[in-house]
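One structure follows; several queries about it will come next.
Chain nomenclature is as follows: A, B and C, assigned in order of appearance, with residue numbering initiated at 1 for each chain independently.
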Amino acid sequence: MTALLEARGVVKRFGGLTAVDGVDISVGTGEMVGLIGPNGSGKTTLFDCLSRVQTIDAGSIRFDGVDIAGRRAHDVARLGMSRTFQLIRVYRDLSVAENMHLSIQWGSIGVPQLFARTDAATRRRADELLDFLLLGPLRHERAGNLSGGQRRLLEIGMSLMSEPRLVLLDEATSGVNPSLVADIADRLREVNTQRQVAFLLVEHNVQFVADLCERVVVLDQGAVLAEGTPGEVTQDPTVIEAYFGDPGDAGEDAP
Amino acid sequence: MSRAAPGTGAVAGRWPAGRAVGVGALIVLVVLAVLPLLGGTSNATLLTLTLMLTSIGVAINWNLTGGFTGYVDFGHAVWFGIGAYATAILISLQSNGPQVGWPPVPAILVGALVAGFLAAIIGRATMRLKGPYFSIAMLGTFVAVREIVRVWSPLTGGGVGLTLPPYLNRALFYYVELALVTVLVVGTWWLRRTRFGAALVAIREDEVGAETRGIDTTRLKTAVFSFAGLSTGLFGALWAYQNTFVDPDIAFVEVRTIDAVMGTMLGGLGTVAGPVLGAAALYWVRELLWTHLLDAHLLAQGVLLIVIVLFVPRGLVGLVDRRGTSLFELWGWKGWSRGLRQGPVAGGEAEAAS
Amino acid sequence: MSYFAQALVNGIALGGMYTILVLGFSIIWGVMGVINLAHGEFVMVGAYLAWMASDFWDVDPFISAPVVFVVMLLFGYLVQRVLVNRIIDRSSLVSLLVMFGVSIILQSVMKIAFSADFRLANTDLDGAWRLSDQLTIPVTRFWILVVAVGVTAGLGLFLGHSRLGKSIRAAAQNREAARIVGVDVKKVYAVTFALCIGLTGVAGALISPLLAVQPFQGPPLTLKAFAITAMAGLGSVRGALGGAMVLGMVEAMLALYVDRIGTNLAVVASFVLLVAALVLRPQGIFKGLRHVDATST
């Protein structure tokens, strides 16, 4: 597998605080990688760096062979990397369907299409994805009226609308009804196998990660603590010390 | 404002009476179009109506950035003044001997283009700022440009101003502005249904989200800001020509911005009909206040502003249809003051649940 | 060189004036999140009060300032109870617009009451101390600077060490947390607003012998207060002093090197400075009471 995403030595500082401290991470084409770590270990900041929401202070990020460290966020999205947010970002005043229509592959939209309405093919695709994510009946609902879990699903749907090759999922299961979590896992696996979409998942739910990913990266205090299969990682004493030793919610989910 | 369509504009289009609104608008347009043809319509009436149309046009332009994109511009009148001045300068150009001023039509068009061009440059810088910072930066731009115009006397005539050749065909200007406003209304109605319009609303709802989903937010928002500047500059250019005189204090007037903001809010922020209804209503309210209250008209206007903001946040359109954006949602308290640390308000409950 | 020294003195004097002008605005924004667009009008009302004292009863503004403080404090409390309380939990756009409405109302009322004529109050602390042929110190501005430094130090002590001051800072940093630990946030806001308007009135009184008192003098002052605050950090007392000095210095230097620059063009300068500062350093230069970033929502 060639590396689709290849980040080397990424550093991000906020004033005196180094949130991400020289992280190396790679994701291969069609691979599913988990990213775990205690609260405040820099997972979300790393996501912000990878998707160019934040600038980086040092290091390099290549996506599909292109250096994206200097690119703007919309460029990165157009190259085929999409993401979701830990604190859900949907357009609350717009309908569910409109949210989907606004998450298209904007790189293919020229000026004439910009001044046109959403085409039938896009609508159909959005409807299919919404049905696939069990949101079909809600497509005309105002997004701000959805429950937290439904908004998570909508955001996943939006991240898939642009036909990305890599999706960064930030806490896809948090706030979601437990009965839906297995559904989400099924959906992600399906997308992964059918369309070769790679995923990088930040998760608190370790079981969810273990089910989906062949490889897991553990982050602690802004640096990579361990890397390996879910089995290896959960046996690693340093990880247990830093992460599972912590009497937080994650420990209870450990196998 | 007419039929609802699924897909883009789905929320915007759920109005069963849409067709009636369209027909109503058409009737108003026809009445306004034949009005000067009826006997007894004086030049003064035509001037009043033309100024009302100007006010509506500026409000529509303001709403493009303030209502759709969520960038509340407190200095929008600067483009009006720049359009007016650029046109006046071109028309009154003088060499040593004969008058070499431009003919009106190219002068007016270039005047508008100058406003649009400067809006593109200034918007590029100020639109990096958010919320109140953007608003006040634009207010500062307005004050700054007025002072520059006042000082730059070789070009602008300084505080004395510039006098234009008289040309007072009121009916012509009336029709030109009626046509412009019609084009703008139809244009915004159409824009709201396109990908561009939806993307602007996405910027208002969540700019970071829009950017990470592939929307070139910088380009789109500066594009619409520049267009609004150009269009308001065009109204300014037309105004200068009709007024036959410009000086810094009548070309750059805070009240024009206030009227655009108040009119749009009174009508309904972020709606197509809002700025039209609101600016028209406000124009007549002001005429009444002016005639009956004289000195106190400013006082009454301040009270009116507070009353609108506190009690009619969704505007007139919002009274019949809830599609208008409420001010309370546009810049939520958390939206800007704690945004950096906590992200958009939408995530609050998710965080609590995790 | 001596011109430069004079410009330096002028800059510091101007900075002192801006310091006292900006403090109330900065603290209201920092603590309550309300951008007081009527700030310049509160200055104007304070200036009118001092002018009345000077014109009707021949009282020096430096002597009437404490009375102006009390009157404006009560006025501020009234405005807070009637209006500001209603907007404090709403979006910042609402507070901007409502306070803008207040500014129009105050301008209009003052114009009806006193006409638009320019007035100046008389003070005995006027004239200039001549240090050398080319270096003079403007007396009124010197004493304003003294008051400004005194008020700044006093406010710093008050916010840093008094019980009420600590409550104010707590409410500024995290309203919910402050509420939970028993701070009466509503009361803190009322006190803050009243105090700041009192202070703003004093600023108006002190500048009434220098700046023409008239109903429409407010907006440029509000703009400058905004520029300094945004540059310096919201609610930062030290920042207000620093920012005001920077602006005063810039204006004085501009006056030295650029021909024909009047107070109006100085507004232009302050805005170029503001936008540049915001774009380059969105979180402000000094650490304020409230963390913000001008380029993020």
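Heads up, the rule we're going with is that a contact is a pair of C-beta atoms (placed from the backbone, for glycine too) under 8 Å apart; a residue touches a chain by one contact, two chains touch by 3 or more.
Just so we're clear, the structure is a prediction, and the values are computed from it rather than from any experiment.
Closest chain to the protein centre (all Cα atoms averaged), using per-chain Cα means: B. When every chain is reduced to the mean of its CA atoms, the largest separation from chain A belongs to C.
Distance from the chain B centre to the chain C centre is 31 Å, each centre being the mean of its Cα atoms.
Centre-to-centre, using mean CA coordinates, chain A is 40 Å away from chain B. Here the spacing of chain A and chain C, counted between their Cα centres, is 47 Å.
Residue positions 208, 329, 344 of chain B are each in touch with at least two other chains. Note for the complex: chain C touches chain B at residues 33, 35, 83, 86-87, 89-94, 96-98, 100-105, 107-109, 111-112, 219-220, 223, 226-227, 230, 260, 262, 264-265, 267-268, 270-272, 274-275, 278-279, 282, 290-297.
By the touch criterion stated above, chain B contacts chain A in their complex at residues 5-11, 191, 193-196, 198-199, 201-202, 205-206, 208-218, 325, 329, 342-344, 346-351, 353-354. Contact residues on chain A toward chain B in their complex (touch as defined above): 51-53, 72-74, 76-78, 82-83, 85-95, 97-98, 101-107, 109, 113-118, 123, 140, 142, 144, 148, 151-152, 158, 162, 171, 174-175, 204, 249. Chain contact summary for the complex, chain B toward chain C: residues 72, 74, 125-126, 128-133, 135-137, 139-141, 143-144, 147-148, 150-151, 207-208, 254, 258, 261, 265, 295-296, 298-299, 301-303, 305-306, 309-310, 313, 327-333, 335-337, 339-341, 344.
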